[in-house]
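Note that chain A is present in both complexes that follow, paired respectively with chain B and with chain C.
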Partner chain A sequence: MASKLTTSNAAGWAFALPGFGLICLFIVVPFFLAFALSLTNQRLISPNPTEYVGFANYKSLLSLAVITLEPERDEDGEIVRDEDGTPEYPRVRTITRNPDFPEYRGMREWFRWHSGDNARVVVASDVVFMKALVNTLTFALVIAPGQGGLALLLALLINQRLRGINIFRTIYFMPVVVSIVVVSLLWRFIYDGNDGLLNNLLSGLTFGLFEPIDWLGRTDTALGSIIAMSIWQAVGFHMVIWLAGLQTISPTLYEVAQIEGASKWQTFRYVTWPGLRNTAVLVLIVITMQAFALFAQIDVMTNGGPLDSTQTLVFQAVERGYGKQDISGGSTISVVLFLIVLTISLVQRYLTRERS
Partner chain B sequence: MADVSLSQVRKSFGSAEVIKGVDIDISDGEFVVFVGPSGCGKSTLLRMIAGLEDITSGTLEIDGRVVNDVQPKDRGIAMVFQTYAIFPHMSVRENVAFGLTIAGVSRDEKERKVNEAARILQMEHLLDRRPSQLSGGQRQRVAIGRAIVRDPAVFLFDEPLSNLDAALRMDMRMEIGKLHNQLGATMIYVTHDQVEAMTLADKIVVLRDGVVQQIGAPMELYHKPANLFVAGFIGSPSMNFMDVEVLEAAGDGVTVKAPALDPVKLHVDEQTYAAHSKAKLGLRPQYLSVPDDASKGTLHGTVALVERLGTETVVNVELTRGGRIVAALSEDKPLDIGSEIALDFDPAKAHLFAEP
Partner chain C sequence: MAVVSRDNRGLRLAVRYLVLVLVAVVFMFPLVFMIVSSLKPTQQLLSDTASLRAFLPVGDISLDNYFAAFARAPVGLFVFNSMLITIITVSASIFLCSLAAFSFVYLNWRGSGLVLSIALATLIIPFETIAIPLLLFVSRLPWIGMNGIEIGWLNTYHVQIIPWIADALTIFLFVQYFKDLPGELVEAARAEGASWWQIYRKVVMPLSGPVLATAAILKSLKMYNEQYLWPLIVVQDEAHRPIMVGLGYFFQLDVAWGEVMAYLSVITVPVLVFYLVLQRAFIASIASTGVKG
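Then we have the complex of A and B:
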């Protein structure tokens, strides 16, 4: 059936055109372009013509293998050990560069573990990508419950009628309105290893016992520092969403709980939390999306370092596409990221669905 | 089972006093209705009995115990709200059992009490449904069920039928009446609907601006209203008032006259009127009749408006000598607008109120 929309609404379409055109140009076209480019060897600037390479980019990005290394033995068949008594193993490159094992060519060690005397080495063709993947997942896994929970706690605190409660609402929300780049720069000073605010604060609180730490310069603290700062920055935003959800719960339900003598925890468990179902789904999905898009903090604070300990997928995609001018590589990461986020969203929606 | 007694109970919100010294004695098993116009404080008073609002001053006793500072759950009350206040995420069974869940009652005990309540309210077939699958009347039944399982000494109803349509309201009204007979518990019921008040109550408390106007049995209020407010509030259509002048006051009789009314002698219980003072004459529309002989009758006028309801005819009469009066004639009487009409009344059924 021909509707009025499709037959005689030229003016309407004309009005929609600018917005629609921009959406196409900057969202729809790049989205499909990323898929297309990930199947080629396109570079940002290159004299060579672009070629279709199939799934080669995905292969070089995602290839993983486990190699079992047996310890070195001397003539008697005894295991060679170093001064600490740990067995010595042949170097991984004896395999990855061995023409007898073409399937491991170009791979590098990602991590290893020991089973018995043997060492099992996980090799990946793109170790940096793997680290970025793990970091991004860690970031999302910590930040989703951390930020969501803290935001809910703050929302519960400010959802009270107290004198001056708006001051607290403002304070908690303030970091949200500041640009993430500015926030990142400020936190670089806070985390500074020599004379940073955090180190000063900690040594002040412990009367000088605390040894200053270069928070962003150590592989074991860098990602944690960025997580803490990211939670602080966006917690106010999610607090407001929780607050909106809290205010949709009928006050009479709380009165029922009060008459029945429910404790604070029971009230939360039976009244507040079930009333926040839909809000919880929204907050969880939004936080997860934002977590996977982690870029600005990394770019400003650590550049992925030290030793790739703060690499993330988006940072790698940008780094590869524009830093290394490898557009097809960057596109491939983007597509992988898209698939991961899509899967997680679908799983979250399934797990938090309305059961009837 | 318990009696409830309020003495000099007051409530202030900031500087605004909404309950101004209320004394009410409710005996065990009585059905008491608080009635009054919006904002008269009847709901606030009920919430104070429930423990949802603090008592600013005065004492509230339930079962001989002062409960001003006792938690709602320890007062032996259960409350049913206008908005039902049932939990959308719980089944009917879980809703009814809510108080037991909070109290940590065993599964068997819970099952037994819920089934008992469901049997009383004839809603066994609804137990596994969700609130969204229920009609308004059924939801209110669930809310009443939740009150029953608490086995309270005092039931509190806060306008429980106001969100229901007229037909359902009548059904539920009868149900609540039946429930009272069956359980024999003390019930306090707030409504602005005088039909509910008249039909359900053993005792009605009429409130206005936080002050008790009159306490008494429904028919006592109807036949012997203590003041102008009660007289005007109870009865539908409401009582006609006419400014009259007292001509003579002697013994138990008072002769009054008004521009529209020839002198008429009324009986009073207590002689408090002085000759030539002002007073108000109250005439219930139902007690006005059309005399057989149109030249007789004490009031004369023209018909301004006719509402034929089948069982009665409500006539709005423009009196010839000034003023208006409403008559509810007890049969279906076709009257032409603008036609002459004479009305008569039995002086024994007229009310006289001193000018305030």
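Then we have the complex of A and C:
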């Protein structure tokens, strides 16, 4: 638009180049570098020259297999059972360390289930990575609808015409301007198993019936606790985005709905929600992208524990790329992470596209 | 159906406010706890968590934790580092990104559309996916310093500044804003023989107050609050350490929670005050990332 008086190639480049050059150098270059490095054995500091290794890094990250174990049998062919009557199985390592099965070499058990008397064991070449992958997906899958939905509720709550409503808006947004690092530390104290505020609060509300829980120290509560805290910190951000969306809906539409005698739910369903379509896409994509970047909370609160129940992809990429100076391993996880983010945002865009 | 008695209306109003207040308590209590606790000795802080005293400045109130925190760690240095990094990055970002956006919107040059598309496409790349290759990259970059040419940017200020200056979101914000400015102003200035640089400085920038505030607020929050992963991996020495990484100091052998709360308050309260004073601009800046997207 605007001035097409003259074509100014030189001035145009000169003005755009500093900013664009920095983006190329520090975003585009490392982005392609990640792909290239993932095909090598590059280390941060190494006396040996870097070698091309093909897809070996991906193979050692992503390899999965299912092994069927038959129960141990005694001389009569009867299944050997322990005291509880559960069949006993040969150890997985009799297969993964067996030279007759080179394809399972170096793999470890991830999880198993039983079918009939047999046990099926899923083995992975990198169990920690698999756990990180599942945790990250779980985190994103819970937080995208959870945080997006709560933010919408808050936006509807704050969109009322009431005296002093701005004060509440200010308060709800407040955690957004507090660093996630600070918030994580603060909540480490709130979640503490002994003197934690949350335990004290719950035991106060139940008159002492509630048994204190070490929220971050248990495999079944740690990730959930981090999810709840993350929502608490960021929900105000998306509340404001929903609010901006709500305010673009013409008041005339609401007047018409009122004249037609629409109920509150009908008004929301047929006036508000269609008007929020674009906002919904944006909120969903932004939350999902942030969810996959989960790192600070883990680093401050749990270090991936207990028992890898809060490992995440970024945490693993950093632990390998920086902690172990294994740049190629960290880059491989980064590429996998990027491909997941890309796929999900393309799918979200496709599912929420305008239907004509 | 529509008849609502006055009492009923009063009750409904009360319920509405009750809900609003309860939600407000949920968002407030950790922050109140943080600030109140920073004034208490660790022993009292821990015992107070058993009751509502946790949220009240009662008992043995003093600033001792603050003095202890400053004695334990170079808190002043960390705050200075973060401020320096934030101020330089934000200023440079606003200048270079607005300049680029100005070029994309007003200067009709060959390839500008493609270049803008490439810049905006980087929005899809989360920083976390390039951190590790970028670490290797900056560890091999040259720098001209006091002692001539050095290789490697690790443990410096500039490694925390230069990669963060240009970003797609800031360019996008300026592009959106410039597109909505009346183009006639630029054309008139151009017809009078003003140079592009003069138009940028004298015509467009003076009209850009709102977008400047938005870009500055978003970028400042990013640089001051969210710089954690990157400095963690590129800065090991204390001299260049920013505040969020400096927290590690308080988790050595014994965790003195009173001091931790004091440190957290030192780094958080200024931002909160800033927010409360400028809250309209803060909220407008977040909103503007959404509406036009």
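Observations on the structure shown:
By our rule, the second predicted complex is superposed on the first by the 345 of 356 C-alpha atoms of A that agree within 3 Å, B and C clash if a C-alpha of one lies under 4 Å from a C-alpha of the other, contacts with A are read in each partner's own complex, and residues count from 1 in each chain.
In this text, contacts are C-beta pairs under 8 Å (C-beta built on N, C-alpha and C of every residue); 3 or more make two chains touch, one makes a residue touch a chain.
Only a predicted model underlies this, so the values are computations on that prediction, with no experimental measurement involved.
Partners chain B and chain C, once the complexes are superposed on chain A, both fit on it without clashing.
Once the two complexes are laid over each other on the shared chain, residue contacts for A:R169 go to chain C alone; chain B is not touched. In the superposed model, A:L44 lies in contact with chain C only, and not with chain B. When the two complexes are overlaid on their common chain A, residue A:V66 makes contact with neither chain B nor chain C. After overlaying the two complexes on the shared chain, residue contacts for A:L141 are found with neither chain B nor chain C.
Looking at the shared chain after the overlay, A:F26 reaches chain C, while chain B stays out of its contact range. Looking at the shared chain after the overlay, A:L307 reaches neither chain B nor chain C. Residue by residue along chain A, chain B and chain C are tallied for touches, and C comes out ahead. In the superposition on chain A, A:V183 makes contact with chain C only, while chain B stays out of contact range. The superposed arrangement places chain B and chain C with a least CA-CA distance of 5 Å.
The residues of chain C lying in touch with chain A in their complex are 13, 16-17, 19-20, 23-24, 26-31, 33-34, 46, 49-51, 54, 96-97, 99-100, 102-110, 112, 115, 118-119, 122, 124-137, 139, 162-168, 171, 179, 183, 186-187, 190-191, 196, 200, 221, 224-226, 228-229, 232-233, 244, 247, 257, 260, 264, 267-268, 271-272, 274-276, 279, 282-283, 286-291, 293. Contact residues on chain A toward chain B in their complex (touch as defined above): 250, 252-253, 255-262, 266, 270-271, 274-275, 277, 356. Of all residues in chain B, only 50-52, 71-74, 77-79, 81, 83, 85, 87-90, 98-99, 101-103, 130, 146, 150 touch chain A in the complex they form.
Of all residues in chain A, those touching chain C in their complex are 1-9, 11-13, 15-16, 18-23, 26-31, 33-34, 37, 42, 44, 154, 157, 160, 162, 165, 168-183, 185-187, 189-190, 195-197, 200, 232, 236-237, 240-241, 243-245, 248, 278-279, 282-283, 289, 292-293, 295-296, 299-300, 314, 317-318, 321-322, 327, 330-331, 334-335, 337-338, 341-342, 345.
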